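Presented below are the structures under discussion, each in the form of structure tokens.
Shared chain: chain A. Partners: chain B in the first complex, chain C in the second.
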Partner chain A sequence: MLAAAHESGAAVALLSGGTDLVPALRSGERVADAVVALRRVLELRVRGAGADSLTIGAGVTYADLVGWSLSPGLARAARVVGSVQIRNTGTVGGALGSVRPAGDLLTYLTAADAEVLTASPRGTRWRPLGQFLAEGVEADGLVTAVRLARPGGPQVHVKIGGRQAAYPAIVSCAVVVDRVRHRVACAIGGVGRLPARMGGAESFAVDEVDWTTGTIPVQAARRFGDLVVEAVAGISPVLPVGPGESADYRCHAAGVLASRALARCLHPQATRATQPATTTELATDAQPGTARPSDPTAGPGAAGRGGGS
Partner chain B sequence: MRHGIGQSVRRPDGPAKVNGAFRYAGDLRVPGMLHGRTLRSPHPRARIVRIDTAAARRLPGVAAVVTAADVPGVATYGLIVADQPVFAAAEARYAGEPVAAVAAIDAATARRALAAIEVDYEPLPAGTDPTRVLDPDAPALHPTGNLYREIDIRHGGIWADGPVAVEDTYRVGMQDQAFLAPEAALVIPAADGGVDLMVATQWLHSDREQVAACLGLPEELVRLTLAGVGGAFGGREDITLQIHGALLARSAQAPIRIAYDRVESFLGHPPRPPARMWFRHTATRAGELVSVRARLVFDGGAYTSSSPAVLANAVTHAAGPYRVAHARLHGVAVRTNNPPCGAMRGFGVPQVTIGHEAQMDRLADALGLDPVELRVRNAVRPGDVLPTGQVLAGPLPARELLHLVAARPLPPPPAAGSELSLPGGLPAGADVRRVRRGIGYALGYKNLLFSEGMDDSAMARVRLDLDEDGSPRVRVHSACAEVGQGFVTVAGQIARTELGVEQVVLAPADTSVGSAGSTSASRQTWMSGGAVRGACVAVADRLLARVARAAGLPARVVEMPRHSLRIVAGEIVGAEAGLRIGLADALSHGPVEAEFTFHHRRTTALDAAGQGDPHVAFAAAAHRAVVDVDLDLGLVRVVSMALAQDCGTVLNPLALRGQVEGGTAQGLGLAVMEELVTDGGRVVNPTFHDYLLPTAADVPELDFVAVTEPQPDAPYGVKGVGETPTCTATPAIVAAIRAAVGRDLRSVPVRPRDLVDLSPSGAVGPAPSGADGPAAGGATPR
Partner chain C sequence: MTAAGESYQLYVDGFPRAVVGAELGDSLLSVLRDTLGVTSVKDACEQGRCGACSVLLDGRLAASCTVLAADADGARVVTVAGLGAVGLARAVRAMFLAEGAVQCGFCTPGFVVAVTDLLTRRPDADDEEIREALAGNICRCTGYGRILAAIRAVQRERGILPSLEESRARPDGG
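For the complex of A and B:
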């Protein structure tokens, strides 16, 4: 069908959730001779788990993901996208198809090393997310699924914007920890055209984590944030600065968010030598991706307690 | 009387608004109508070299294209000064200024037609800095110059300063009314050569006057009916699409639907003017205010709109509701190439309240006094002389409001476990140990009704008759624009109370009845409420006189029937005369009708020294705000708002609550998020994606106390209530944020970047001393 449409020269728009496409058509920003609604293509609406991976159809909505226990980090990221109406209609495929810099899911998928499956008359192919974002979808192609590794540890997604209710993110951050493979991944959104991985900070964290307990020293969590600030400051071009924002605030906030997100995953300890008895319990108790409200982040309270070490 | 005044009567249009059946202006359709659309200048300032509409006219489906050359009457319009062109002709003066309009068979064709209009612009250097446009070498941005108005109030004898002084400069951003139903009208050309408009507006008769002048028609050929209004807040006082729609309808000889989308709405109506304000306050060491100086610059944008009147409000209120022996209050409203600014809820007062209240907090700091105590000591009382020389009359319980609001219970401290209730909400992952609480207060007052000697009036017509079933019925006809404030409810309450008849119907608001004046300036309950009451009293008099005459009562009763006869529960009763007759029987001889025009007391203009008796009356309010701030991210959550307000007699407690909650929410928006940002004159965020509004998750439940001292010269003792809380909500929140973070804040809205340390050393987790552990509860206003 896509091939036929492509060959006919008609402008065909693919409609999934429509949260980006419908406003664009209405404002005249996009023009289409035909709109193909994908909502009833049931193959696109399934999600599944293999031994090592999770596969999510492009037609899966944010609302579908909100309660998905197999991927708590993705569930958390999906939970804070837009309003409930947007979550009910917006889809994973749409998030990849339109690629808005503020797209929340993209930050998480970047940290999670997602792969994207596209289909075209020439067949299907998997591509790493980064390559997919660089190349885009072919004119006669369609995003059909996204694949992630099964979580091997805690995952956290946080973002900030201009109010308490649903907002477009100014800065977002996802941290994905894999305790089995001893990996830490961190992506920051809102500081460049696309979310960026914080390679230097990730390597630093991997070396600092006590992989037996799944914890990290307080000072290392702070340093992690500082490294993110440095990395983000080097990204160019920084996004056009929106109303009420500034580039230096975005950098600063990226560091704070990264430090806090890491702390939620790895429960910073004042010192490795004097681990409190609860450490083990904390570590095993921590469900991947669940946010712990009281973590000694890089605040002065934590710093004070760690001061003697 | 059931559903009479004083009761929480529900809105007659409430169910339809809630279930989606209410017809807003944008919902109006007629068969065969065309779609109108406006072409706007992309340049903040440009000479228009050439406009060629030939290609647009040739497009199939295009019925009309109009430009400045097609305006048959006066080329310009305006609320105070007619300086705004219907379409820019030789020069465009702001980005978004209308240049042409088209009518086509559908919206897409209309859009294509706009794209086919060729306009050659020659961009000119734009004057977008309001502090520079009065420089001697600044180019005149309009033949009448760059100054809309200058006011210089000099109050006090020989100048004196107190020993304690605070001074600073403050900035307030451009807030949009952001009503939810964008501008819309249905315009139908009439067989008599006139035109009928169904439009969402705030003042039908002012629209009519301006539309008729530009169309070159006598006013009676321009008929307006109010279409459903989805919010206004001052943003529908100015003409937007009315004249364009009428020109298109007359040119195409077909009905036109003209409606803005969100972007065009942001560009189409004048928002609240941004302000730069310098203040210097001095006091005795005991905390008595000695002098206030202020210098205000209000950016009026490209055309006059309401700027002269907004400035008068700002300057006359600049010292706030405080006794001060010496004041020098100076202000200018200037022309720039920014979007025209005009009326918005509070009308110049919110800006200066932000300034004088920040100053009062800093003065309290400098004096080592509690901020509430300092305000109580200096608050005005009736009989005090204001900086304009006006003697404050009537009730103004400023000190009582402060005491009341300070005594309201405080919310519990921030708690771990509920991220929804921490700054930034669910996604931000605020750290409760890095959250600091702050408490702030603001006192303010706002004038009611039109000022500066304007003989403002409102007319209403009331008819008492029998319905099809023979039951008495009151029909109220007023041109008062119902924009959500609740006049449709209050008018019914007044008619029921005055005439003892439960069944009241409101005729559509239109120009077939006299002007009700503008739905603005907190004036309609007082003014049109007074007109409805006066007309009801006249109807009662006529009916009672008729009954007295028919009953053969003495001439003195016929002449002064109310002294002997009363309408009680559907009956006319004269105890002395032994008369008792059912209202329906009395009306069987025919309906009774009367009109009444209400005037408020006269005021005077300001003289050269800014002295006079400019304002009809005042209402005061005091807010207390409690906020939580994430110290590392600069995110703010407003935790609680308490309000004590000077309300006069309360006609409808439910409607009052709606007004004060809405006013508080709009003030909250200005405090922490709402700003139309311009870059070189161009609005960069004209969408709800980028211009954020507070939602239910952002606005805490309002803890509200009304003080109900009646206003002596107002009907029933009412005061307008909608604007005052908008003036005080913003500065109370800003004060609370200041208390939380310990920084002076000079720019509103307050942004996260203003609250965190962005220096390299403060990159992650700044460590202010003493911030260990939950910062909640220990916060003191400072």
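For the complex of A and C:
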């Protein structure tokens, strides 16, 4: 049906959760001759686990992922997207299909080396997330699933922005550590058109980690942040910016978040005392469903106290 | 797919309602208000940010402005009016009034739906969880303190929290 509509020249919009598309249709930002609604395609709403990988259907909602024990990192990233209302309807496929540069999930998926499965009349294919984001989905195709490696170590996703429930993050950072393969991955969102991997900082961190204990010196975590700032400064184009979110600010924030995320993965004791009790930064390394009153930035309640409203 | 001009059906607050003449791109919010006349569902931001249009869609809390109405064909939609005259929803409404959680009232229908959804799922939710669960509902009047107090009052009335008298009898908080 999608292919036929495409051949007829009609502007077809794919609808998943609707949290991006429906407001865009209403405001006139998006125009469509036809809408293909995917919510009832049950095959898209499954998730599964293989020996080495996890596969998440495009129709899986953020709420579905929030308590997923097989991928705590993904669960935490999903937990801090939008509000209950948004998490109940928004989907993984929608996050990829609409490709909002500040989409929080994309930052995590970029760090996690996700692969994206798309389907079109010419068949299905897996592509690395970066390639998928650069090329986009074919006009007659759709995203059907995302695949990740099973986690091999701590994963932290942090972000800075206004009221979380209402606005996407200004800058987000995900650090994924694989203690089995001795790898560190770091992605920054909100500095360029798409989330970017911080290759130089990653290599530095791999050399600095004491892999027998899974820790890193405090100074190395700071240096990691500096390297991220250097890398981010070279990224263009920078997103359109508002008064409170200049390129300089984003660049600085990226370094702070990267340093903090790495420290939380690899040296949690050293950072606890230095965390400022900011209400706009939403740490996602708390276990879902458990409040930790001792750490004001880690609890979910920060969502309701966001500063932007 | 339902095209413009065709009709589809929603179950709004327990009643089947035929939707005729709506545009393909219409949101559930606009169909509820403009086509079906259900005006307790409030229209504010139309971007899924404010929660004034919150409904239960097949039992899950959703911002009706982000739902395509035609895609909800056959769905059960529960607004503040359909939550029920007894039980939890009655208690939530009563305590919103008793605790001063209603000022201008524009956000109230959405809040009552969201609070009822929360306390159905998590009757003993603590402050942190309440604040997180209601982050998608914006109130410009109360500063949220009275809304939180109303929820605590509901929990006391339902025996989930000790009553104020019991708390006073045990100053250590029990």
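Methods note: the second predicted complex is superposed on the first by the 261 of 309 C-alpha atoms of A that agree within 3 Å, B and C clash if a C-alpha of one lies under 4 Å from a C-alpha of the other, contacts with A are read in each partner's own complex, and residues count from 1 in each chain.
Just so we're on the same page, a contact is a pair of C-beta atoms (placed from the backbone, for glycine too) under 8 Å apart; a residue touches a chain by one contact, two chains touch by 3 or more.
All of these numbers come straight from a predicted model, not from anything done at the bench.
Colleague: Considering only the touch criterion stated at the top, classify A:A37 as touching first (chain B), second (chain C), both, or neither.
Modeller: second
Colleague: Which holds for A:A253: it touches chain B only (first), chain C only (second), both, or neither?
Modeller: first
Colleague: Based on the superposed arrangement, let me know which partner A:R163 touches: chain B (first), chain C (second), both, or neither?
Modeller: both
Colleague: Figure out whether A:W68 sits in contact with chain B (first) or chain C (second), or with both, or with neither.
Modeller: neither
Colleague: Using the touch definition from the top, say if A:R264 reaches chain B (first), chain C (second), both or neither.
Modeller: first
Colleague: Who contacts more of chain A, chain B or chain C?
Modeller: Of chain B and chain C, B contacts more residues of chain A.
Colleague: Now for A:S27: first (chain B), second (chain C), both, or neither, which partner does it touch?
Modeller: Touch status of A:S27: both partners.
Colleague: Pick out the shared contact residues on chain A: the ones touching chain B in one complex and chain C in the other.
Modeller: 26-27, 163-167, 291, 293, 299-301, 303-304
Colleague: What part of chain C is in contact with chain A in the complex they form?
Modeller: Residues of chain C touching chain A: 1, 3, 24-27, 30, 46-51, 54, 57, 60-63, 65-68, 70-71, 114, 117-118, 126-138, 144.
Colleague: Going by the contact rule at the top, pick out the chain B residues touching chain A in the complex.
Modeller: On the chain B side, the touching residues are 108, 111, 261, 263, 416-417, 419-420, 423-429, 431-434, 632-635, 637, 672-673, 675, 677, 684-685, 689-692, 694-698, 749, 751-753, 756, 758, 762-765, 767-769, 771-773.
Colleague: Help me check something: in the complex, which residues belonging to chain A touch chain C?
Modeller: Where chain A meets chain C, its residues are 15, 17-19, 21-23, 25-27, 32, 34-37, 39, 63, 82-86, 88-89, 163-167, 291, 293, 299-301, 303-306, 309.
Colleague: Tell me, which parts of chain A touch chain B in their complex?
Modeller: 26-28, 79-80, 156-169, 172, 222, 225-226, 229, 242-246, 248-249, 252-253, 255-257, 259-261, 264, 291, 293-295, 297-301, 303-304
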